[in-house]
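For reference, chains read A, B, C and D in written order, and residue numbers begin at 1 within each chain.
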Amino acid sequence: MRLEGIYAPIPTPFVGGEIAYGPLAENLAKWSATPLSGLVVMGSNGESVLLDEREKVELTAFVRRHTDKKVVAGTGCESTRATVRLTKAVADVGAGAALVITPHYYKSGMKDEALKRFYTEVADHSPIPVILYNMPRNTGVNLAAVLVAELARHPNIVGVKDSSGDIVQMAEVAAAAPDGFAVFAGSGSYLLPALAVGARGGTCAVANILPEECTRIFRLFYEGRLEEARRLQHRILAVNRAVTARWGVAGLKAAMDILGWFGGEPRPPLSPLGTPEREELQRILDDFRSTGA
Amino acid sequence: MRLEGIYAPIPTPFVGGEIAYGPLAENLAKWSATPLSGLVVMGSNGESVLLDEREKVELTAFVRRHTDKKVVAGTGCESTRATVRLTKAVADVGAGAALVITPHYYKSGMKDEALKRFYTEVADHSPIPVILYNMPRNTGVNLAAVLVAELARHPNIVGVKDSSGDIVQMAEVAAAAPDGFAVFAGSGSYLLPALAVGARGGTCAVANILPEECTRIFRLFYEGRLEEARRLQHRILAVNRAVTARWGVAGLKAAMDILGWFGGEPRPPLSPLGTPEREELQRILDDFRSTGA
Amino acid sequence: MRLEGIYAPIPTPFVGGEIAYGPLAENLAKWSATPLSGLVVMGSNGESVLLDEREKVELTAFVRRHTDKKVVAGTGCESTRATVRLTKAVADVGAGAALVITPHYYKSGMKDEALKRFYTEVADHSPIPVILYNMPRNTGVNLAAVLVAELARHPNIVGVKDSSGDIVQMAEVAAAAPDGFAVFAGSGSYLLPALAVGARGGTCAVANILPEECTRIFRLFYEGRLEEARRLQHRILAVNRAVTARWGVAGLKAAMDILGWFGGEPRPPLSPLGTPEREELQRILDDFRSTGA
Amino acid sequence: MRLEGIYAPIPTPFVGGEIAYGPLAENLAKWSATPLSGLVVMGSNGESVLLDEREKVELTAFVRRHTDKKVVAGTGCESTRATVRLTKAVADVGAGAALVITPHYYKSGMKDEALKRFYTEVADHSPIPVILYNMPRNTGVNLAAVLVAELARHPNIVGVKDSSGDIVQMAEVAAAAPDGFAVFAGSGSYLLPALAVGARGGTCAVANILPEECTRIFRLFYEGRLEEARRLQHRILAVNRAVTARWGVAGLKAAMDILGWFGGEPRPPLSPLGTPEREELQRILDDFRSTGA
């Protein structure tokens, strides 16, 4: 599985607190018709930590059956054994790769050595390629460039999704890792600069709602049309912020509702957007469309 | 259930990666013979996040059967529904109260309103009293004094374990909360100052290995023997640091091994102490005993 | 100079942007009539970093001439040579001790070794006793307990004002430092718990406006009347927060204006409180007085 | 003064604790012979906070007389009035623009409104163009994109040196600011990605020792030779880290000594590099040269 291009980390739809497979099938049909390279199920936007293990496997199987895109499944748990068990289970139902977040509850215990052992053990036992997932804003743990470059030599570790926003770290990994190892931008807000320093794609929340635009930045960059790529990167910044740093999963789901997908409410304790936020989000999306005219 | 005194947040022993009930029974027999007021099972020191739901219920049931002390069970999960489900399950097997940590993966979504809804819903559905658990060092989320004081009015929320180390926050809660509400120091390192500002006890990792000393600080304080309490508080600082901030669960388990309890290894990805750390820990424990002579 | 009791870190009054010596003289007359042990000029509340070197020396001389209280002068600058020069200058005009904040612009360079050299050199050259000043919230640098305990052995280093709020750190210093060395609480919000772990007093912004109450907590503690001390500590929390963490120097000056001292406006870029904040502050002060009835 | 290209923020050489003008003249002669667009005197690398006001003006005058490059002078102080006074003084001796860091001691007082007033007042009174200087790692204060975009409309504010490393923030400013406003990368480690999102140059510590290479990245980028630009960007990462995040000013000065400039020792409390660090730095510089062969 060669990692490249734009992946959407899809949200998990709920109705009445349960996974809503009907609406999900409709969303999947839409994403499948876009130029996206793949989908990530059970990433941060998929409310992974709010799902039970059984739900995670069912969900992965369902997504696998309802799209021809590549499917990456988030399988990182706090314990090594739970991570290995879940990774095997999603592999059994057809996931193409596992996205494994750093364990993080015991932050002070997650030194480089412990993280190295964790990822090595998971990769050793995983039937499918492993992608490192660095998400310091949520975890309080950072995967340093030196460690990633070292893990990159493991034959079953094929890339890193770096959501730190630390562009120097991404450059350091791209400079130090073997050729086949893929650095992926963890957010659409720095997709272009990440490509500039050697990233091979991005897993971007905003790609759920702007799959064409994100893919277009990627293509423009490779065609050397940098000025156009920059204009488009600038254009998506405000929408990106609304569905990530500002309002998170609730913002992404609200934007999906506005734009004709099924979004719905997140699982508690996450709360849906209030009316004023929803109106402001509407304005941000309107602005986006008007600047594209 | 009136919260008062010193509780030990007991570690979960493992042998071959599985919960070691035999050694646990022996540890429980020892703790039961101390002046501790109670035990907390599945707190941070219990490696709660590394246990499966099934293990958690079994573990609680086992502890309940093997001690006459009060038993508080840690039941906080990321989702509201998982937290409620686990709280009911541990209540069914005899836990006296539930210690509920703040959800924290979606930190930016855990505003006061969301936390208020979360704790209210859990407390509404819990058959046993709920204790708030504030652990910012691990979670990156803080339970502000104003919010705790508000939640303290819920009839089924009886206290807070505050592991922030923020002594002003503890004072603010003690000043603002109703009389029946208990503030508990989350670490033995600030047990005495917490009592000074109105705490009613502590849940202290170090109480696992120094149950007599921690209880003694508590009693000396209430007898107005402040100078002696301060000397004892000073004496336990280095040991406390070794089994918390410095080496965490691995340090606590190593100290238990040294002192004649069963400690053993933590579950991966946590690592046991290396030999140099173990030797340094031995020196710290020796120093402690020599100063007490 | 034996450090003990309550010190007020006095604000520097300005009229038309210049130091207002007339109003300052009136304030000094009032503070001199209180049970305060001493005054700190050019602390954080004195807007030290907004004053020129010439102003600092004049100001110290003026305060020295207008009060019989002990006078401590803040003399820490970023460079060692400027700190030594200013320390000598304030000693020449009668300051009794120098309060020396950690250099902090080059945070990553301020490792323990560098701080140790800095304080040793300053103390070696200072004609007056040196007090360490730890203020991480403003500086981003922390003076660790181990380092303070080591510096405490220097014959010309007599104490530490710890504004970190880290009560364990204060306990560790009190436990490890020689007997003559004084730990001072850096805020009135944790005066009582600091005393409980071995502090010998406090330098508290709130002591500018509540000198009697702060001194009373100190005395009640030494008389073993802990319950009364705690009630008073609880009572001052909201006022303390208003004039420190919440509104800072501007809040303290506004409170002084309300309570009959001269406060006035801080120097730009600091801004005075707006009308809504001033009204809320008035309510907080009213609440304080009503609970004392 | 149109801001564009690569500026070196030059270190201030000292001999016996005093500014060493002879060695400085020699350094200036060398920099003047490079393709650098300009020099920044009294930036963070110039040990600005360790210099007296009189030294700052003399130093600026000296640099102005000894180079034909554009000269930008760092003039930000904690107080508005000191900043205005110094800005006028350096303008009088020929500085072409003023680089004004955020005031930062009173972090909690440095809200957007206060920063806006500060910069507006400085720009209103400055005889030369003002460049905003955002350096959160040292100051703990961040200039948000929205605020910078607003300040960018002031006719005397011409650019921002952003040393936050936050590539999204730089993109947001480039997207929102008027055309004439220049975003400058504050470090050589993210020069290329900053250019990719719309920056017009960089003020880079590493440009002091690698002026040709930094300028070459800039030119390759504008010629659309992105692949070569990326390779060069990758090559300078380790050297850049050594003279910034890792060893700071002391590292930069040591590297200058190794490479044939005059570096010397920083002013205390900054310490020079020890022997092991110096040897490691030598290896890093050797590696850099060998990869370029």
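Keep this in mind: a residue touches a chain if its C-beta (ideal position, glycine included) is under 8 Å from a C-beta of that chain, and two chains touch if they have at least 3 such contacts.
None of the values given here were measured: they were computed from a predicted structure.
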So chain B and chain C are the same sequence; what rotation in degrees superposes their CA atoms, nearest 5? 180
By mean C-alpha position, what chain is farthest away from chain B? D
Roughly how far is chain C from chain D, centre to centre by C-alpha average, rounded to an integer in Å? 35
Whole-Å gap separating chain B and chain D, where each centre is the average of the chain's CA atoms: 49
List, in ascending order, every residue of chain A touching at least 2 other chains. none
Chain C contact footprint on chain D (complex, rising order): 17, 44, 49-52, 78-82, 103, 105-110, 113-115, 117-118, 121, 137-140, 245, 248-250, 267-271
Which residues of chain D touch chain A in the complex? 165-168, 171-172, 174-175, 187, 189-190, 192-198, 224, 226, 230, 233-234, 237
